[in-house]
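Just so it is clear, A, B, C and D label the chains in written order, and each chain counts residues from 1 on its own.
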């Protein structure tokens, strides 16, 4: 597989240099792999830190800025960052009221963020954590590492970020983040595997005419392989899987998310089908976001995330945000 | 008796075999993971070697705690904290003796493996590195070569298992039929121990 | 090739339905294929209309909104829209001061927009036109249809849109649009072909280990095929081709644009190399935009566009814009 | 004499052969274009047939002007305005006579082809539909079958040419060695004329 890179070893550092050049409103520490909003620490406000393997852009670095994350820590491609990164980020953004770690539920992310929390607490920084585990494709049982964190991460980062921006205290921002996670469910499909720079070939073989149902965001295969389906059938399957797991009483935020290589034209068409199914199932839609937000390198495919919102969560969703990847109201 | 030099040789031999086998480890991590295990460990052990050269720790315990800290700070992923904890706890258990015997090493390694199980929550049979490490520690009383074969057997025996921890567990039944990458790298680590002992 | 679609015939209509659902701030006429900002016609202001084949999203529909386009007319995939669409759009957005057509230089686009201008003028609407032809990969001679319009379109739409938003008259908005086009140059490369829904297989064969230099945005092959190059070498080639054709005296806006399937991680890394080359060549950079803006379905690759800006153009670039695809300042 | 029914048959035969050849036209438009020519014309002639059924125009001129307007309103791309103009101008040149003879048709078609050259700026040899249309009109004095072979020859003769108009011109020398899709569809249009005449 061809890639627009120099050598696999420098992919993350190169991207950070390019990000620094494009976004003077961010401080990008290329050496230590920490992206911080330029005006950090912001006095009196809880700071949000997230991170994870690279390859999911704009998540997380593209969500750093007023109204969302204070800092992001990118690991190697699909590899959780190391504790030193989050500890350094915490020192850079903490202004006193503490920091909230937003952690996608993967063994590596959990272990590294937990170690970072210990390091930060040693420095006297108050740390709280929200674990995101919204992927209904994974059975949450004793026999798995639990549900993965995928598209719901965007909702948690945006809504908790708005709460922090309002000056709410750490326990409250944490509680809101947890509530958003509990209210969120995702399901993803792949029409192609992706190719990591280190491996240089697709992470799995998917024959023409088949698709993977229930994929994550790390190029791992899904739960099931089936004969290719139409956009409408996929929408029924994905929304169906989510609604089997959650019965929204409130309106939902809808994220129709591209995995990276599926054109926006197709994503919008897929959204039409998702909305049709939601209407048929009697689910009211408050807001819809369509685009490539939580990606898996050059994987073709899409995921659907629904997040039930009451009035407060909707107000926080609508609140101003100013990041490279998500921007409105300012 | 095993001195700091022995432990340095262990790390050097591990780094070399991880380098040699990196592509295979990444390939094993592809069908049931995210295709990074080989490059993760390569990056980690490269920095272990650099740190050992730079800081030149003088005791077995110091060699391993430094190596473990280095893995934690450079690998990331699941294997970084887990292997980092393995070496760090093993090193701590060895204390600051200038030399240790094989029995002390076996005991310390068991403490390290216990710490990995406590941290990651995996038990034998969950299709993880634990499936190579536990049999290796059990066999260590019979010498390094016995530990090496036990680790290799353990790694091979992960193939028919269904994963219950780590990324592979997301696949459910589809994880069956693939050898676990972490168990495979653990077998390399134990083989390097035998190599360091010249056996 | 697998696609996230129902049937090829309804791809554009499906996407428009999905766009309507996601963007209540737009009026989407699915039947007649016109996307209009909800508050149109805006009294006293020149209205901007663009359009072209679908498959380049977010261009043009994603650039409809305050500070940019008043309306967009999407054709079938890679097929210029029909005159009826632009005539209908003109009637919907004209508030008196006239409309500006922004037309990418392709035979089909030019012919259809020209016919639309006649129809609109028959209805008493004043129409001016800016032709975008920024692609330096095409020799502009008697022996070609002239240079293609590619990435520079975004600069023309944004900057002319800001001038219209300020209430400038039609001749002035047109003149600014032309000036932006004259100041813009682009060059694109493909690492893979794209697949149109109608054809269902890649538009050209590109063997592993080779890339196409000088591609457009319709899946057509480039001018030249070469052995694969590094990101740094590609940046040198692309920026070199642009600077062979233009010597910027003023700082430039930089657009590092993905063709659709190249991950943001790689685009940012490519941007680092583009910035390096610009620095080496003594070109000052005023602003940089990195992302998928003027795409070619699922093609892998990227293009570079430079636009020289004086103080007025830079002020207009920085002016507020509120569209699905580009948003800042409001 | 040729009545409205003849022209309707011409459009129907064109629509049918465009349907049959759509994949081939799109395939020809792939190496030197943007892979849409077949689906463009399919969409256009489908709507021509629907409009002819609905509006039932009663003269040769009315059949062709309606067909041309329909192509302009539904095809898009370069070929929509060009083929639309061809039929519309040919229709206008036929006036509102209820029947026309072959000489009048030849003259009207020449006016149509001239309008296409004026609109698109292409001359013979530029590797466009003009390379099939001009020889066809020239041969029409010798009857429909002669026009059909001339158009087919003209289309085949575009292969060695370098394109100077339309998308294919972007490719420069790389456009050489491919048959022009628009010239190919023009040959279908002329062949349908012969078919409508039962020849």
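Here are a few things to note about the model shown:
Throughout what follows, a residue touches a chain if its C-beta (ideal position, glycine included) is under 8 Å from a C-beta of that chain, and two chains touch if they have at least 3 such contacts.
The structure displayed is predicted, hence computed values, not measured ones.
Greatest Cα centroid separation from chain A: this falls to D. Remark: chain B and chain D have CA centroids separated by 73 Å (rounded to whole angstrom). A separation of 31 Å divides the Cα centre of chain C from that of chain D. Distance between chain centres (mean CA atoms), chain B to chain C: 53 Å. Between chain A and chain C, the centres computed from C-alpha atoms are 29 Å apart.
Contact with two or more other chains is made by residues 77 of chain C. Shared interface positions of chain B, i.e. residues touching 2 or more other chains, are not present.
Contact annotation for chain pairs lists A-B, A-C, C-D, with touch applied as defined. For chain B in complex with chain A, the residues that touch the partner chain are 26-27, 30-36, 38-40, 43, 72-82, 119-120, 162, 164-167, 169-172, 174. Interface residues of chain C, counted against chain D in their complex, comprise 8, 53, 75-84, 106-108, 111-112, 115, 137-139, 142-145, 148, 196, 198-199, 203-204, 216, 218-221, 223. Of all the residues in chain C, the ones that touch chain A in their complex are 1-7, 10-12, 14-19, 21-22, 54-55, 57-58, 62, 77, 191-192, 208-209, 211, 228, 230-232, 234, 256, 260-273, 275, 285, 288-290, 292, 295, 297-298, 300-302, 327-328, 330.
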